[in-house]
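Order of writing sets the labels: A, B and C. Residues in every chain begin at 1.
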Amino acid sequence: MSELEYVGRRVPRKDGPEKVTGGAIFSVDVRLQGMLVGKILRSPHPHARILNIDTSRALQVPGVKAIVTAADTPGIPHGFVETPRYPADQPTLAVDRVRYVGEEVAAVAATDHYAAEEALDLIRVDYEPLPSVFDPLKAMEVDAPEIHPNHPKVKEPYRNIAGKTETAWGDVERGFAESDYVRQDRFESHLRTHGYLEPQATVASFEANGKLNVWTSSQGPFIKRAKLARTLGLPLSSVRVQKAYVGGAFGGKIDLFSHEFCAGLLSMKTSRPVKIVATRQEVFCAYRHGQPLIVEVKTGVKKDGTLVAQEYRVINNPGAYRGSGVVVIFLAWGFAMLPYRIPNLKYEGYAVYTNNPVRAPQRGHGAPQMRFAAESQLDMIAEELGLDPVEVRLKNARQSGELLPNGDNVHNCGLSDCIKEAAKSTGFSEKCGQRRKAASSERYRRGIGMGVSSYFGGSLIYPNSSSVIVKMNDDGSVTLLTGALDIGQGAETVLSQIVAEELKLPLEEIQVIAADTETTPVDIGAWISGGAYVSGNAARVAAEEVRRKLLEIAEEELEASKEDLVVDDKSIYVTGSPDHHRTYRQLVEASIRKHRGDSIIGEGHWRTMRDEPMHPSLATTKGRWSENYAFDAQVAEVEVDTHTGMIRLLRAVTAHDCGFPINPLLVEGQIDGQVSMALGHAFMEQVLMKEGRTLNPNWLDYHMPNIHTLAPSEHIDVITESYEVGRPYRTKEVGEGYVSAILAAIANAIYDAVGVRLFSTPFTPEKVLKGLGALARSDENDTDV
Amino acid sequence: MHLPRFKLLQPRSLNEAVEFIDRYGASARLGAGGTDLFVRMKYRVASPEYVVSLKQIPAKAPSIDENGALSVEALTTLRDVVRSDVVANRAPVLAEAAHTVASAQIRTMGTLGGNLCLETRCLYYNQSHTFQYVEPCFKRDGDRCYFVPKGKRCWAVFMGDTAPALVALDALVEVESSAGRRTMPIERLYTHDSLCPVSLSPAEIISTVVIPASGRRTGEAFVKSSPRGGLDFAIVSAAAVLEAGDDGTCSRAAVVLGSIAAMPVRASQAEALLQGKVLTRDLIQEAARTASAEIRPVMHHGHSASYLRRCVEVITEDALSLAFERLVIR
Amino acid sequence: MNKNIVALTVNGEEYDLALEPQVTLLEALRDHLGLTGTKEGCGTGECGSCTVLMDDKPILSCLTLAADCRGSQIVTIEGLAQGGKLTAVQEAFLEKGAVQCGFCTPGMVLSVTALLDENPQPSEEDLKKALEGNLCRCTGYNKIVEAVHQAVETISSPEGEGRQA
């Protein structure tokens, strides 16, 4: 295999210069002539009937150009999931009921903010409040207020069930009976939010020719186009979602948002562009939070630590509509069974409606919560049985070529090496358990912990496949047309590197046109962890076609056969005679002159699991899920201040099998960002809610990590795949897989440091102090009432 | 987010500012750095008819006056307080406290006077109420409290950082109005009323903060416990100033807690414990326990009372220990 | 609507804008001067995305009235690179992978620039204090710190002599 020049290199990102000089255009930066300002009227009630909406006074406000309510819409609902089993359940504007504080009830377009705000104040909505429920366990009770009827397929005596996932293999009861040790634990992962720096923003402009032009902060323009077109009652071809950079998303910008629909509808009504920008408070209150999970897990093992049986019951609280709840309870199963062999498994997950704002995937989408539970319990099992926590993991770790119970092959799997490397580089076995043994009255106590996780790299969900076009320009440079959207992960750079490698062309000679539903081909989007694998292979195939065409022309021009030709440095020459060559420019010219004007364009398409019609069943987990899986082991070293209960992450080590990194610089950036997100999850981030209202809708009170909490983050590559020019490659994913094991590692490290086992996130100072017995009983009467 | 409309006044001197606030009284608000006022205005908690922006008024550098006291103009930015050699020398706890405020940007914009006059804070208060909490709470001139649902009073907490330090330094504030100048101990700047924490009338403005010369060597420390270690308001903060005579006994001890009430609170029993004694590690720990027992922290921002009391003990011990170390060095 | 003429000096150029008093510097830059590089992440002073330099010092433009900027030199992200040549800080951000989504980048770069202009050899503590008000969700701050170290080296190296941050 010849040396790679572009793939596998630490190439600075292509969109870097724009971003570092302020030239990068985000949706909010788009300004059009005659643009109106849009604002949304939101429900103040967590649950209420809408008796009447009167917009007449609001319409009188000077500058107000249009006001819409549900009555003005085609009445077509949408949802994160839209399948026969889980049909769309979210209205674009509330029809006759509101089900959460902040739900969208009306939208105004006006010439300026003040007019729009004045109009919002004058819209009169008559509500009849209904009883509400916020806790999922309470919402399941048969006499709970009904937010939606139970899912028709769920027969149990529960209420408010949005969906259920149930699966099993082997015989767990027999497995437990045969186990030497069985334990059962309950873990709870709390409500967090994405915290992307760019607030949601949309500009919609309905043109005279019937085309709706949209710029919106998203995670993929094609799914937005599809949902916008459907809910607005427009043909797909009438909606164009244009390229705009996105200021972070992490799962919170995937599905359709009411304000996007409203911007479109208002523009159609006024024939003027409409811009709607969410305030940061709206983002914190009424947009999507992450999915909280309650995880009950019972595990049986042999005395040497071999897993025998595992039983899971998972409760998810997706909010007032299904959101991605029915997906997270499916994925939770996946993340439970991926890293280790579990001969007997039973899994049951419920998504339960509550009167809370709708929740969405948040980076990892179930993996952090599940790995926290499984890895904490595994450490407890190891301790009980006197086993080495590293050995226990190695004993159960998946190996290359293993078949998963759903039929997927894990292909190359470097998990064991990840575990060994992470342990070796941190001196894990020497350190773990030592600090606890030493009786200590020291204020600061350190501990080390490990976690293991796995993530899938691409699955099937609309639009299911990616296509890329590579076209040569007269001068031998190339334009890459891709529907891939760069949300920070470096999609444009990675695809450019692949094309550069296939065509032996410097990156500066590759122009990227991206993420425009009109001019670029379809792309799966930046939310299914398949960018490098699916879009990347599509780019490779497109470049391959260009290369083939260039070689054909070269064969004629150089009167040589393909086997004697070398492609290098923007030209093709005969082996051994570098002077006998043609540059790409010459080849393009020759092609146009001699080949019916073929200017040399290549197209490439890729779909994961080409023989599978669709994604696995969310309800039963049956079906193929993915054809590549990433694995990792992470180690955390923490320091606990036993006086204040505060914890610092001193060091994070990530040993990862991402296949092979196309751009190690970008991969490292992803890992660092995920370690940061995990430490936020672990220590300081919490959406505080009371009766459906967010108490801390700003960054002062929602403590997202800042530079003070920076933890050194080390990366160890465990390479299990490779890249060869002209051949399909399997690489895995790096954008979501590294928030999970590190969270578990932190939990285990805290136990190692101070002997306090925490079963719920976040690991607050209060919980630590209570665990240490250092906190007096909470005195509720401290505040005079 | 947009500011509401208002009329802007831009006085070029403190006298001109006083004229404006005298004329417009309660329909005017003073904007020094703007980092508190403008945020509240964006939340529509404050919507004054007039904003008197003090940004055109130059502030003199901190200096030592003829009595040997340290004089810091209220319009001195926090950044300048931190960088001032004079402050570092004469009142290091003030510089230390100013350095913990928010962020570099806010310290560049924000002023000492503004930090002293921060509005009290509460999770429910510091947000827009367009669809959450439509009925106004007490602090918004309404009739209820969301923090204590059946409560009869406001529980918002004063979270400024420089105030505890200045209380510990026995500072004075000079207040200007059309009636002339008055001087008062800084503790009298505060009302202990969450609704209206600062005792100034709308027609008054702080001109200068004066820290009297102590004449003795001091050890000073400001310790702030916060979720991230920067950018944050405090969970609990503590300012400690220890003064010792030549024989090593403590001639004065000031221990002032911040962020746990509507104004900074002196831990007077802890102070009394230290007064006149030879300072030791054990005594400091006892003082910290005393402070924790005598203070009744107001639960704020999701923290429980028992956790806050624990923080009071730990932070007080940390502050006193640090002050003690620095006393010895000096 | 009472508009006044507000004189602003931005990136070395002078502008006279007719603005209502409540217009912030951020709005003046983005909506009236078309300089959209400065971003609004929160509007309430917590995230630092709106950071610009006023007389070489970092401020939050979302909480500054445009009318209060008379006589000050404002520098935005668009004003750093001269004649297309990136500054040492900008180059370091690119080389070290300190840019991902790019939304926090303008504010972050300006905060770093202000720090290194004043203190070309900052300690780790100085660095943290200078950047504590700039939030980033993508990078975890690791590569941002590496970029700062690189910029420090570049500026202090013989080749970088006299070079501005």
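Just so it is clear, a residue touches a chain if its C-beta (ideal position, glycine included) is under 8 Å from a C-beta of that chain, and two chains touch if they have at least 3 such contacts.
From a predicted model like this one, the values you see are computed outputs, not experimental measurements.
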Q) In terms of CA centres, which chain lies closest to the overall middle? A) A
Q | Between the pairs A-B and A-C, the one where more C-beta pairs touch | A | A-C
Q | Centre distance in Å when chain A and chain C are each reduced to the mean of their C-alpha atoms | A | 30
**Q.** Cα-centroid distance, chain A relative to chain B, in whole angstrom
**A.** 42
Q. Could you say which residues in chain B touch two or more other chains, in rising order?
A. 1-2, 5, 228, 230-231
**Q.** For chain A, residues that touch 2 or more chains besides their own
**A.** 279-280, 698, 700, 705-708
Q.
Quick check on chain C: which residues sit in contact with 2+ other chains?
A. 40, 43-44, 46, 128, 131-134
Q.
With touch defined as at the start, can you tell me which chain A residues reach chain B in the complex?
A. 41-44, 101-102, 113-114, 120, 279-281, 285-286, 643-646, 684, 686, 688, 693-698, 700-701, 703, 705-709, 765-766, 769, 774-780, 782-785
Q) So in the complex, which bits of chain A are touching chain C? A) 10, 12-13, 15-26, 28-29, 31, 194-199, 245-248, 250, 279-280, 487-490, 665-666, 668-669, 672-677, 698-700, 704-708, 710-713
(Q) Residue numbers of chain C touching chain A in their complex, please. (A) 30-31, 34-44, 46-47, 49, 76-78, 80-81, 86, 90, 93-95, 97, 99-106, 109, 127-128, 131-145
**Q.** chain A partner contacts - residues on chain B that touch it in the complex
**A.** 1-2, 5, 123-124, 126-128, 130-134, 148, 150-153, 155, 225, 227-233, 296-299, 301-307, 309-311, 314, 317
Q) Tell me, which parts of chain B touch chain C in their complex? A) 1-8, 10, 31, 33-35, 38-39, 42-43, 51, 53, 55-56, 79, 99, 102-106, 108-109, 228, 230-231
